[in-house]
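Sharing a structure with you now.
We just call them A, B and C in the order they show up, numbering each chain from 1.
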Amino acid sequence: MNAHPPLFEVRDLRVAFGRNGVFAEAVRGISLHVDHGEVLGIVGESGSGKSVGMLAALGLQPEGARVSGSVRFKGRELVGLPRRALRELRGSRIAMIFQDPLSSLNPVMTVGDQIAEAVRLHNPDLSRRAALDRAKDLLALVAIPQPDRRLQQYPHEFSGGMRQRVMIAMAVANDPDLLIADEPTTALDVTVQAQIMEVLAELQARLKLGLVLITHDLGVLAGHADRVAVVYAGQVVEQAGVDDLFARPGHPYTRGLIASIPDMTAQSERLFSIDGTPPALGRLPAGCPFNPRCVAAQDICRREAPPLHRKGDHAAACHFAFSATESAA
Amino acid sequence: MSVLSAPRFVRPRWLSLPLMVGIALVLFWLVATVAAPWMTVHDPLDMVGRRLQAPSWDHLLGTDALGRDVLSRTLHGARHSIPIAVTVVAVAVAIGAFLGALAGFIGGIVDTVIMRLVDVTLSFPPMLLAMAVAASLGPGLENATIAMVIVWWPVYARLMRAQVLEVREREHVEAAVASGATQTRVLTKHVLPLCWTPVLISATMDLGQVILLAASLSFIGLGATPPTPEWGSMISDGASQFYSWWVALGPGLAILTIVLGFNFIGDGLHDYFDPRSK
Amino acid sequence: MTRYILRRLIAMPFLVLGIVTLAFLLTSVTKGDPLTAIVSDRQLNNPEVVAAAKAKWGLDRSLPERYAIYVGNLLTGDMGTSFITRRPVAQDVLYRLPATMELVIAAMAVGATIGISLGVLAAYFRNTVIDHVARLFALFGSSIPVFWLGLALLYVFSVQWGVLPGPGRLDARATPPPMVTGFMTIDTLLAGDFRLFLDAVWHLILPAFVLGWAVAGTISRLVRANMLEVLSREFILTARAKGAGEFRVVIRHALRNTMVPTLTVIGYSFAYLLTGAVLTETIFSWPGMGSYAVDAARGLDFPAIIGVTIVGGVVFLVTNLLTDIAYVVANPRVRLG
């Protein structure tokens, strides 16, 4: 890191949901950062708080959620920013794409109108005609054939992969600096997943995007991310460069995730999966939140929450990170 | 509930505020239906005071053009409106459920004939058809009742048919058929008992609308005949004594509160059965 | 989907025939002497008139034959002669239909505007005071008898406060414009009389609100339920992530997605409006089909009663068909699928 502030920096972000005045934290102090042109992978099971956290960072938390901490974009604090100022950033400097491209697109608006809307929201002086022209270029950019004709179609006339391309086109409509992709390939057919990742990777390199790639599948990140943050129960439990992480995982949860990546080459009949389920909202076990599912849990794990141990750029929240027990799993 | 403990009413979960208000309103008018003679000071048909007297302590809702007490007449009105509404709905349910069950269970030509009759009847604006039938039968509450049954039964026929069609597909019915039970037995023992609930719930909810329809018919002179203290015809009296606003006030509020009661109950039940809408 | 509409269109004549048959049966089987249904009491002693009527309607014949004659006459546009107005029923009805349509359309506009706005507000601010008030408004709307509401509002706004005009379509002293469309608001404009146009609009406000309230309530509940569902969908998040403001999110993205069911309920509310119009017209001395029907029913004017009932049924049938077509047209997935 140099004198420049990072493109996007989250510090101790907390998101709590309340029911009848009792609040439970879904995100319990996440800290991470993304630099210009860098790809950060965030991995974790569903319900780990990774999506909620990123949405909340942009002021898109569900109604009634309480957000605290600090989110800085190019050095500017976003938490507590007036809604209007946040709106101006969303879709122009910071864009998002979501998991299910079918439900993420408005079913009663043509694809062209939806992309043109994204353009015009941040260029109000642009004519509808010009915005549609831009939309056409964007469809071509994400390699959708016959963009002229496609513009006038509705989302249900597109295939899943094509819809996600539309979402990507819409996201990059205003040349954003940061793109947050929330499980962009999860809802797609396996064969299409690779294509979409390719489109994303190509655009990321071409537009020098800072990219946050949220996924539950560590395998997706292997070829695409520069760094990876592993999230468990609302906290970052491990953070490292992607090669370092795969080579020397410091947290047993990360090791479990790596082990459960389906191996296309091996003919293994059974997929490894981590036993148990992540803790429910507001029902954290004492000590390390992962201890009930951890194969290497010791007494201390059930008593004390582990601090973040650092080793260079590698950090892991495990009592035995970087120690001899590393090989236990 | 113990008599000795503090009489603190704990509201059960299902009893929402709208439901409570609705039940209270309907209960009030049910009590009036039974006990109107003991709730009022004046006879509803007697000329007990000066004509067109504004509300006073003697006549809380004033007197009408013949010097009758509006409050007494309003409370006694429940004795006409509510039994009529109950009769209409009961008969309409009986006819509609019978024909609907027949249509759904037998199918074929019977189904076609009954359901086309239902379609055609429901193709009329209800008020217009009720008016036409009531007029051709001649004025009077009985004829208005018949007219309303003719307008209303197809609603339950449709509902019942849909229910029967749904229930007869269930496994226990197929099992009964397979074990050789007769048609009638299958229908009465295995299908019908499972069809009643939605029909009865919808019938109860409709009582308010039937009260409105009955009052409307009376208002235009096709229902109750003078001097019957029926709400609709009382409002009609009020319309001809336009500047004596109190003449129509009592019966208007009566219709409003009882129909509101049924609607509150319906709304409360809706929330209960469909919590997503909360 | 075009096939579906085609099927509906083919079924139309049969339904109309059904309407005619049912209206005819319900009003003639019950009557003792059908002659009194066609000839007024005073003319019953006139043998010429009686004979002519008997010949025309075939009263000396059996019910099926009479039915055939009625349908035959109907096909030539003859619905008999009203013995209150002494004009052909078909002519009376045609003359009065526009007044009813004007009232019903105005009521629909009022109902849809209030209903959609309240529904959107109630959904966006759910479980707040706004939501509760909207719910009360809806419940009261479907509980208040229109004829009483009409009286009460006339008394308050016209008699007590004098801010709105009394009954009628125009000021009693004004000379009505020549009838072209039968819509007072249009005819006054065609006559080039803008002040009369404003007077016509002025007179529409109260009856349209009285008639539209219940519809507004129904629509608001439906819009609220649909809005709650749509607002929780993911494309709403997409719109916000694009940087769209809340107003745009609610109107352009959410509301537009509820338009199909809303349109449908507005179309089907026509039955209620026609029913309510009967009573509203009576209160507001509105010279439409409803007050005509009431006069006919009160005066036991049977040709008129049957005629109005048939026309009412057909109007109802046509609007329901139009609603279904609108549903298909407004729904891109159905239209193209």
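General observations
Keep in mind that, in the parts below, a residue touches a chain if its C-beta (ideal position, glycine included) is under 8 Å from a C-beta of that chain, and two chains touch if they have at least 3 such contacts.
Owing to the predicted nature of the structure, the values given are computational and were not obtained by experimental measurement.
Where touching is counted per the definition, chain A and chain C have no chain in common.
Located most centrally within the structure is C, per distance between chain CA means and the overall CA mean. We define each chain's centre as the mean of its Cα atoms; on that basis chain A and chain B are separated by 57 Å.
If you average the CA atoms of chain B and of chain C, the two centres end up 24 Å from each other. Interface of chain B with chain C (complex): residues 18, 116-117, 119-121, 123-129, 131-137, 150, 208, 212, 215-216, 219-222, 232, 235, 238-239, 242-243, 245, 248, 251-252, 255-256, 259-260, 263-264, 267, 276-278.
Against chain A, in their complex, chain C makes its touches with residues 233-235, 237-246, 248, 252-253, 256-257, 259, 332-333, 336. Residues 55, 58, 60, 83-84, 87-92, 95-96, 98, 100, 103-109, 117-118, 121-122, 154, 156-157, 167, 170 of chain A touch chain C in their complex. Residue ranges on chain C touching chain B, taken from their complex, read 15, 18-19, 21-23, 26-28, 30-31, 37, 126-127, 135, 139-140, 142-145, 147-148, 151-152, 154-155, 159, 224-225, 228-229, 271, 274-276, 278-279, 282-283, 293-294, 296-298, 300, 302, 305-306, 308-309, 312-313, 316-317.
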